[in-house]
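Chain naming follows the written order as A, B, C and D, and within any one chain the residues start at number 1.
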Amino acid sequence: MFFTVIEQVVNGIVSGSVYAIVAVGMTMIFGVLRAINFAHGEYYMLGTFGAWFAIEYFDLPYPVAVVIGVVTTALIAVIVGNFVMQRIVGAPAEAGVLATLGAALILQNTIILVFGGSYKFFSGGYIEPVTLFGFTLAEQRILIIIVGMIVFVGLELMVTYSRMGKAMRAVSQNIECCAVVGIDVRHIALWTFILGAGLAALSGVLTAPVNVSVYGGMGELITFKTLPIIIMGGLGNVRGTFVAAMILGIAESLVATYIGLQFRDTVGFATLMLVLMWRPHGLFSAQARF
Amino acid sequence: MNGLPILDISGLCKSYGAVRAVDGVDLHVDRGEICGLIGPNGSGKSTFFDCVTGLARPSAGAVKLDGQDITGWSLNDIAREGRMLRSFQKTVVFSALDIEENLVIAGQMFTFPGILSTFGIGAAARNRVAALRDRARELIKIAGLWDVRFQPAGKLSGGQQKLIQFASMLMPEPKLILLDEPMAGINPKLIERVVESIRLANTSFGVSFLIIEHNIDVVTSLCQRVVVLDQGRKLAEGMPGEIVQNQAVREAYLGG
Amino acid sequence: MTIELSRRGFCIGTALIGLQTVSSSAFAARSEDGTVRLGLVAPMSGPNARYGSFSMRGAQMAAKEINSVGGVGGRKINILPGDSQGTPVEGVSATRRLIDQDHVDFIIGDVSSSVTLAMQPVAEDAGVLLLNAASSNPKITYKAGVGGFKWTYRNYPTDENRALIVLQYAAEKKGFTKYAVLSVDTDYGRAAIEFTKKYLPRFKSQILTEDYYKEGEVDFRSVLSKIRDSGAQAIIMYGNADSTPIVGRQMMEVGIAGKIPLIGNAEFNTASTIKAAPKALEGAIEAAAWLPAYESEKSKAFVEKFTAEYREAPNNHAYVHWETVHLLARAIEEAQSIDREKVRSALSNIHYTSAVGEVTFDDHNQARLPMILLEIENGKPAIKGAYSAEIDYPK
Amino acid sequence: MTEIVREVTVTPAERTVAAGRDLRGPFGVALIALACIAPLFLGNYPLHAIIIALIFLLPAHGLNLLLGYTGLLSLAQAAFFGIGAYTSALLAVHFGTPFYVNFLAAGVVTGIIALPLGIPALRLRATSFVMCTLGFVIIGQAIAKNWISLTRGDMGLAGVPKPHFALGPASFTVSGTVGFYYLVLVIAALATLVVYLIVRSPAGRNMIAIRENETLAESVGIPTWHYKLVVFMISAAFAGFGGSLYAHYLTVVSPLTFQMYYSTTMLIIVLGGGAGTISGVIFGSLLFVGLTEALRVAPELRMIAYGFFLLGLVFWFPNGFAPLIGRFSSFLEKRK
């Protein structure tokens, strides 16, 4: 009984790491652009497709495919960032919703148009199970947890020490002042967006070996998983987002075990609504951004 | 009318964490009085206003309006009573609406008995709105805005907007009005008009005022009594003439 | 103002006349153009496009085959697509458009049962033959034929037969009595389990855990660990093909691969699925209307051709749509006309030889389809028999 | 930087000095007349498209009250649309109640359910509120899927009867497309009238005040929270009425009714036509359905084109497409 609970918590941490890598990008985008990015899952999908394409058509090894997936997505993000995301800085919320929904439709259905709508099998990665402390996990999952940690530490260091990171933090705190002090908000917005999209892609490529199926519409589910996390984590708050992602991962895992898998996708929003009733600004303050 | 002050504030405190923005201020406004509140930037005037009018919750102290304890009431709780209204420094009008609509909105909640009755479309509701409109037109004339009354308020100058806001506050016939820097950012030519309007409201409608203002000429000509805040505390209180001469006040302004 | 009005009046008048001409010319287009106008409603955009794309390809391939040998009765088959997005309202719009704008005589569709249910009355009102090839909700044919909708036919098995056959095989041949349920959270997965429950007492069996996963779910570890600890002997899974490899891999992770087999239907038998998680799928039992490895000339030729044409292996949806277009062509041939009424009666009396066996329709316009039972042995599907059963319609 | 600022200027029509104003009355009359005789020259398919547009008009009107007039962005319309559809379908299937009972019940029940949902949700600000309303949709779908004894879960409720009216001995069933068209047209017209009356009432003025500046509205005595709650309920009721029509028209209700698809559709209709205007929303719903149907000519490109349309809407027409009509009519006016 006790072991089961621990095992489910571990399972939760594994899925939490995946959510965390995706959500952290989305929350940074929110911090800077003040827009809920309904297209975020699509970059996850693009990353996966990029890697799948590299493996399937050019027979490249998985690590190279990871790089190709992330880089391709970042390049697409440059285009979307220039033509869409930069323009919604300072726009009303509903404009952001519509614009990102539009971007999501275009990305998703272009992939369907090019590669066909059917699902594909992803054949790279390290899927052999290994046993650690009595838990059996695919090697890939251990990789995911490690990468999740690296991303978290890396982001913390970046926003504290690098010029770009500091600028991101500044923009997220007060956009008007930045314009006055000479920080190029558009520039920062673009780079944050590319970073966020790249992280989503990374998460997609990393999970592809364990999730196997690759198809054009796979991003939507991820978007919906991520939305409650970033709200709970305090919009724009990187640390909070990590914690919220873990909480959600574990909660989902426990619900799937003790209540039923069919309620799993409701957990995110149900938890979010309970949290908001208790603390209307999320678990973590949105003030302490980054 | 009794001699009780219309507004009586005692020991008002407001702290944000370790910072005491307002630190035990006592202040009263007598009936029919125009009272000024001055102080250097950051002296806690606006926070003080917010605590009195319910926009912020005071940490300690008591606010009595017309003898009734209103400490801790929300902005809307206080406003709905229609006795004490306040203005804002920055946002002053519903900018997409024209002047008349602005004024009608300002009067509506004091004419209709409840929320559901405002959804009414019958003759009763129409008559109420018509009465409001009449009063609005009167006030627009008084404020000298008749020519621009159909323009969206947001398109008008800062001074005109302040006049609109001032006229709005007169819609429900309040007993006390709190003005937050009514002269800030307005055309010098209009200042005299605003001053006149305040005076008129004071004498003809019997409205008392508490005014935050930086323009010392306006304060001396308009106010019967002035209170000075510095670093969250009351520094001085007295006739405008005395205050201008007060050494401590001068130091606070120059040294602060 | 008067001038203004009259000018506007003129404009509106012109517009009206214009519209009238458009609609009458559209009707003119309806005149025989020598083709069989066949509408295909399927999700073609959005997340559900992964089901619709196979349907479209299967149907198009069939049309190509028929047309390359001169069509049916000298008429080429012209497939007109309608995108349902897997949403009832879009499906109905697509159907309306196909009927009124494209003047189709026959419609094949949709994959999702709720969409099909919403399309039924539309097809019925218009008197257009609706031939469903992929929805499994039993209600569709409960309400068809003698049940009401004369124009709805279904060339796809309902879940009831399937559930019974699987359970019978698992109990009698394998001796299983304790099951865990892991099915897709759609009408398909839910209904199949409902029917399974109906037959459980007959085999003195019980369900220990019951879970439904959302389409597109990728994380089964929690539920699989629960199943591992529950003492179940087999996992009953009715789902879509894309989830099976994921479940298989995660079964390997939690250590139940090879110990607790999957039974039910979720394309356990396709080569790529088995390749994704060979150990987990060993011993899986499946009841399928068709499988790519099925030993018949027709079926093999289909798989080969499809793979060559589209660079991917066909799945069940591709097959059923391919077969259904052929079935319809056969009915048209027998009717010797594209008159809907005649084709409909031809369909009711048809004896069509599909790649799997003979297809006939019962009085509820439900196809009596042979169901193949297979087990994965040594990484290859081994066919254990073909079953066919009559459906018990609720009175 | 391209600034996207949505400007909504609402002044009572009587005092609008817009140039296009003179055209409005006759144009409206012509439109109504055209709507009444539409079945004479439109086939079933275009009529069907208009029926869908008119059904969507109801939740869109509701959202417009909320977003366009009160300034609250909500994605909950799909949840209320679903609740309305289920209420109607359950009554019809289980109790065989006549259409008008189902229809009224759908609106009323939905409006009442919105009360306990709105109380906690409306305490939230901005993004949290948006997400909370999206949560209603997700949780609504989960309930529809799993409360099987009531909703029959994923099997859905099929065979919702076509609207049937019984008045004394006379009774008739609206079955054909044309009949349904007129039914929906009448209901949509009534709904539009109701919205018009709400907007023109003193409450409508207060709603605009809340949208313009909530703190200022509070300071002039408007109990903003109560208004938001009432408008949230009215908006939900409109969605519920729409859901009822949907159920009776499509005859099938399934958990798919609770889809974000419907929420975004309503949002696109409102913003596409022009938030804060009634004619804009009517225009928006026709435009939306017209566009999605027109794009059917190229099924593979349909959603891509639609995505580009959304981007174009946001970046070039932040006030929606309806102002274009105003501009066009003022252009005509000038040429006179």
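The working rule: contacts are C-beta pairs under 8 Å (C-beta built on N, C-alpha and C of every residue); 3 or more make two chains touch, one makes a residue touch a chain.
Protein identities per chain, from UniProt: A, D = Branched-chain amino acid ABC transporter permease; B = ABC transporter ATP-binding protein; C = ABC transporter substrate-binding protein.
Quantities reported herein were computed from a predicted structural model and do not represent experimental measurements.
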{"item": "Chain whose averaged C-alpha position falls nearest the assembly-wide average", "value": "D"}
{"item": "Separation of mean Cα positions, subunit B and subunit A [Å, integer]", "value": "49"}
{"item": "Distance between the centres, which are taken as Cα means, of subunit D and subunit C, whole angstrom", "value": "34"}
{"item": "Length of the line joining the C-alpha centres of subunit A and subunit C, rounded to whole Å", "value": "34"}
{"item": "Overlap residues in subunit A, where contacts from two or more other chains coincide", "value": "108-109, 112, 262, 265"}
{"item": "Multi-partner residues of subunit D (at least 2 other chains)", "value": "145, 300, 302-303"}
{"item": "Subunit C, residues touching no fewer than two other chains", "value": "44-46, 185"}
{"item": "Pairs of chains in contact (touch as defined earlier), listed by label", "value": "A-C, A-D, B-D, C-D"}
{"item": "In the complex, subunit C residues that touch subunit A", "value": "44-54, 182, 185, 210-214, 216-223, 225-226, 229, 241-243, 245-246, 249-250, 252-255, 272, 275-276, 310, 312, 315"}
{"item": "Touching residues (chain side subunit D, partner subunit B) in the complex", "value": "7-12, 15, 17, 197-198, 200-203, 205-206, 208-209, 212-213, 215-227, 230"}
{"item": "Subunit D-facing residues of subunit B, complex", "value": "53, 55, 74-76, 79-80, 82, 85-86, 88, 91-98, 101, 104-106, 108-110, 112, 115-116, 118-121, 125, 128-129, 150, 152, 168-169, 171-172"}
{"item": "In the complex, subunit A residues that touch subunit D", "value": "30, 36, 83-84, 86-95, 97-99, 101-106, 108-110, 112-113, 186, 224, 227-228, 231, 235, 262-263, 265-266, 268-270, 272-273, 276-277, 280-282"}
{"item": "Subunit D - residues contacting subunit C, complex", "value": "22-23, 26-27, 30, 34, 41-46, 48-49, 52, 145, 148, 153-156, 158-159, 175-177, 246, 250-252, 254, 256-257, 259, 261, 292-293, 296, 299-300, 302-303, 332, 336"}
